[in-house]
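Here the chain labels run A, B, C and D in written order, and each chain numbers its own residues starting at 1.
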Amino acid sequence: MVNIGVIGYGYWGPHLVRNFMTTAGSQVLAVCDSDRSRLRSLQSSHPELLISTDYRELLADPALHAVAIATPVATHYDLARDALTAGKHVFVEKPLAASTREAETLVEMATRKGLCLHVDHTFLYTGAVQKIRELIGTDQLGELYYYDSVRVNLGLFQSDVSVLWDLAVHDLSILDYLLDEYPRAVSVTGQTHVDGNPENIAFLTLLYQSHFIAHLHVNWLAPVKLRRTLISGSRRMVVYDDLEPSEKVKVYDKGITLNGHPESRYRALIDYRTGDMWAPRLDNTEALGRQAGQFLRSIETGEVSPSDGQAGLRVVRILEAAHRSLQERGRPVRLDAGI
Amino acid sequence: MVNIGVIGYGYWGPHLVRNFMTTAGSQVLAVCDSDRSRLRSLQSSHPELLISTDYRELLADPALHAVAIATPVATHYDLARDALTAGKHVFVEKPLAASTREAETLVEMATRKGLCLHVDHTFLYTGAVQKIRELIGTDQLGELYYYDSVRVNLGLFQSDVSVLWDLAVHDLSILDYLLDEYPRAVSVTGQTHVDGNPENIAFLTLLYQSHFIAHLHVNWLAPVKLRRTLISGSRRMVVYDDLEPSEKVKVYDKGITLNGHPESRYRALIDYRTGDMWAPRLDNTEALGRQAGQFLRSIETGEVSPSDGQAGLRVVRILEAAHRSLQERGRPVRLDAGI
Amino acid sequence: MVNIGVIGYGYWGPHLVRNFMTTAGSQVLAVCDSDRSRLRSLQSSHPELLISTDYRELLADPALHAVAIATPVATHYDLARDALTAGKHVFVEKPLAASTREAETLVEMATRKGLCLHVDHTFLYTGAVQKIRELIGTDQLGELYYYDSVRVNLGLFQSDVSVLWDLAVHDLSILDYLLDEYPRAVSVTGQTHVDGNPENIAFLTLLYQSHFIAHLHVNWLAPVKLRRTLISGSRRMVVYDDLEPSEKVKVYDKGITLNGHPESRYRALIDYRTGDMWAPRLDNTEALGRQAGQFLRSIETGEVSPSDGQAGLRVVRILEAAHRSLQERGRPVRLDAGI
Amino acid sequence: MVNIGVIGYGYWGPHLVRNFMTTAGSQVLAVCDSDRSRLRSLQSSHPELLISTDYRELLADPALHAVAIATPVATHYDLARDALTAGKHVFVEKPLAASTREAETLVEMATRKGLCLHVDHTFLYTGAVQKIRELIGTDQLGELYYYDSVRVNLGLFQSDVSVLWDLAVHDLSILDYLLDEYPRAVSVTGQTHVDGNPENIAFLTLLYQSHFIAHLHVNWLAPVKLRRTLISGSRRMVVYDDLEPSEKVKVYDKGITLNGHPESRYRALIDYRTGDMWAPRLDNTEALGRQAGQFLRSIETGEVSPSDGQAGLRVVRILEAAHRSLQERGRPVRLDAGI
């Protein structure tokens, strides 16, 4: 049984509490938030919990094996560092930290102390993304051509981080999960429509060594909510629409076929292919519950999590470069190959 | 009565013939194509027409006042130049020419000779785009924030020009029509998935002096056809979906409202607004017919066409800069302020 | 403060408990279910509640002013009758009772004892249905032509009542709320696809004295979930799609206009009208909460509820006639005018 | 080579002319319409055709082997009878005739004279309906449960026939093609909203000997255009949406499974099944062209057409009974078993 303390009880914290309460193999012993008013109803319905406004109380509790951190990004580093120092396994909201340097330090600390560092890349644990990974893994899509995502709505403007850190992080973690290849450069444009605030709309392209290209489209100021990703390969193409109630993943037997010798590939030698469409049944288990299970397995068996600290670091590294490119109006920024 | 000769009778030529035949004030006297087989059925059903495989025959015919050119882009310059030299008004397929230099020369020639040079920017003449222009012109959208277009499908790969010249040209002409402002720079990324062929997927951002930003998303290798543009202003937002059978333009009374002094605009001072949605009735007259009418009025009354040579040049200038940015993986390329 | 006891803690009961707990002016003092296992977690999180497996314990409690009944239809009559006898106001799940005779008795009892009898016709309290009622009330639709509803999905087959009693009841209560007119006859067809079970698919037409017609389409065995109603008037038409995330109600300025003298209305005198479409913003407050408020106001001020016992009786009367028509393969069954 | 004359050159006639002109094995020699103005442009573009305002001229022409009739329903009988008498094969618009008696006479005449009588049941020749027939024929749907069609839009009100004869005829012909079983009774409700005109909205149920049930929903006064049919079987379910641009037919591996002995089929023994969805690629050849080919093959080889006179008669018989049921507000009208 893994004993968990949850730090941060705002929007996401209650979901973490509920999940670690109901997942077999874990129990929640303590919850903390700097704002005591948020904790009141929890205290009355769960009088057995240690309730605190000081996270250090949790870190000092030897009964806790792990903490789950659901606080603003800027605080992730300090909290995770202190937790690792106190010998706790750490489950932290995305993104892992506010800079590459912070993320690297956390990864290094966790490795050194033999503790699990897990980032909450929720989408990796959805039936939809797992099915897409399976399609790629069994080579049903063929050579991958592109990943093209639109993730827009009338969302809450954040004053500390741009829309990249809020929305693009989802696609970057999905790409990290689906691909073996790390991007070589990133080019980003965007704009703020509230003076003095960070960018509320951004367009991000990831460039790779291969022919693959990824493009993310994030926007807090859109009249309609869209969550649609096209993933194209030489063999088949996928439309992943997270707002579809039932058929979130559609696989199209569509595309082009190249005929003739490579050196003479000109227009006449491209054939167009249109076949069946297929929407596989997806596992509808709640993603957060499956993710909690992964965290517990990593702690108990050492199984490598697909959203471990390394994955979190890879994502933060891209976000940091993306921010730089955005400041320079799209100039491509190289990403260190060494990952 | 304006007498028209049509040069090029492939995919688009027959539409031009039909339109200039049926638009009041014009008649088609001659049609030419270098491939005689394309002209056969036209000849039998319209024996009164001058049918030719040599466009110079048309240019030499003093009965013709104007020619409409529907041939590959690479040939636009030579054909239009010869037609203007021969004293004919010119209606030419988009884009106007294959380079800024060519386009400038054509504009200069037409001006010097007092002839009309009209570019077939078809979308400007649709009920949808005209309604959007009216919404902007009557300040119903407020300060413009962004234009964000997705124009993708499994389209015919072209071997001579990239997807930018085939699809992005539509949005560039619409933007030219809707906005008073010319972009200051362009940043483009893209990829080819057929070795040796031009890019079949591209992402183009236009950066402006103001807070406005435009983004175009074009792709010949998508499993589904999408034609959706979000146009956002401080007052209202528009979703323009050209594939909707009836409600192509939806106007949302949605957005954010800023409260308090500009210097203190932080998160707490942004209010979110959600009101009614409204889909105005659109004029369903065929766009090509209305465009033919505009061309004839320009010839007869000197009325300035919104898709005249100047407009065509402005679009080609962006395409050329976009191509350069694409070669340099997104590096922003400045556009000459000189419009 | 109205003190409430909730009878039945299966699927719907927990919603009632939560709503009466959080609605200003009411509190829940007791909850009962014949299956003790369902009550366990409630007991631990709310130790202050009276928890019982015998509803008579609740009826005997003088502290309770009202009971809310969320049990199978077949038990509504006995429970409501006993509650009224015990002097409690009654809030009961739809449909009010299993037969017209039962419903009449309950209405008569409530009237005689001066108690509120309220039926949970939830849809009446949604922003969408209230907006449609407002459109009708302000004569924006003109003379009403038809109500045409499709309410299908892969739903839970019930073994005791047909799909009419489960799904059609929603539309019958909405119609009762929207219209001043009561139907004159009902014609119903349907089928069972599981031998020995009640009908899982049914088509119900309500015929009126006027030109109005209503048609309901209910089905437990459909591959997709649909909840779409067309409501047409001489002036405007409404599409009400309850599955649309934001624009649930769309108002079309579309229809026909009759010209000329009534006696000579033939084809040439019908004009077709196509104008704007408009989706009004809807109140998104939870319907159940608003309904709880209505029940409390009815108790405290005597305000007539739109889903009182009379409304519940009118709906049950149609269901009963519908069942008879269904047995006779569509033969129209008259409804007593006297309501 | 089959020589065709086309009678009626209004809305549909030009399509017939074009199709029989371009289908291999047929040529159009003559076209007739009582309104000479409709024929003018045809005459100028096709001076080789015999153009007439008197259909008897065509019937008298020994060069013609067959006539295609595209005139109002009320005239079908006279024209087809005269054509058969003159020894011509007949292709006639749907519905075959205005009454069962007329249809029977035509079928009997054609049989006696050994001529082909073909009804234009266009939908039978679409890729979508042919694919559905294949799914049924290869038992992929299992035992058929229901056919449920919605076919509504703001359509042209006809003053001579109700919406049944205009729209329901499509579904009746599709059902005739898909099923081996003929309905036993029909129950229809509907309403007119223009005094003195036939019904513009109608709801038709077909009742069968088996558990199968069909329901048609036709309406000329709807704010949106819908063409959606659900076809359900014990094994799989189909959604056929004719307005979908690409995936018109979707096959759902969804439904219920009955466990246990038939005599004990109660609720607990129904299992729900949700699997993949699949949209097969459809043949996109124009339906009318394929139908022309069928007509020619029937003439030349005697191959039985799925939309021959017998099929047309079966459809008219249902329409006639439907009309009677509609007059009696849904009373079920028996259909003669003998077909």
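Going forward, contacts are C-beta pairs under 8 Å (C-beta built on N, C-alpha and C of every residue); 3 or more make two chains touch, one makes a residue touch a chain.
This one's a predicted model, so the numbers in the text were calculated from it and none came from an experiment.
Put simply, the chain farthest from subunit A by mean CA position is D.
The chain pair C-D and the chain pair B-C differ in C-beta contact count, and the higher one is C-D.
Here subunit A and subunit D face each other with the same set of residues for the most part; over half of the interface numbers are shared between them.
Centre-to-centre spacing of subunit C and subunit D amounts to 39 Å, using the average Cα coordinate of each chain.
Annotation: 53 Å between the Cα-based centres of subunit B and subunit C.
In subunit D, 224, 246, 274 are the positions where the chain touches two or more neighbouring chains simultaneously.
Residues of subunit C that touch subunit A in their complex: 45, 224-225, 243, 245-246. Chain contact summary for the complex, subunit D toward subunit C: residues 145-146, 148, 150, 152, 154, 157-159, 185, 187, 189-197, 201, 203, 205, 207, 211-213, 215, 217, 219, 221-224, 230, 232, 234, 237-239, 250, 252, 254-256, 258, 262-263, 265-267, 270, 272, 274, 325, 328-332.
Contact residues of subunit D toward subunit A in the complex are 246-247, 253, 274-281.
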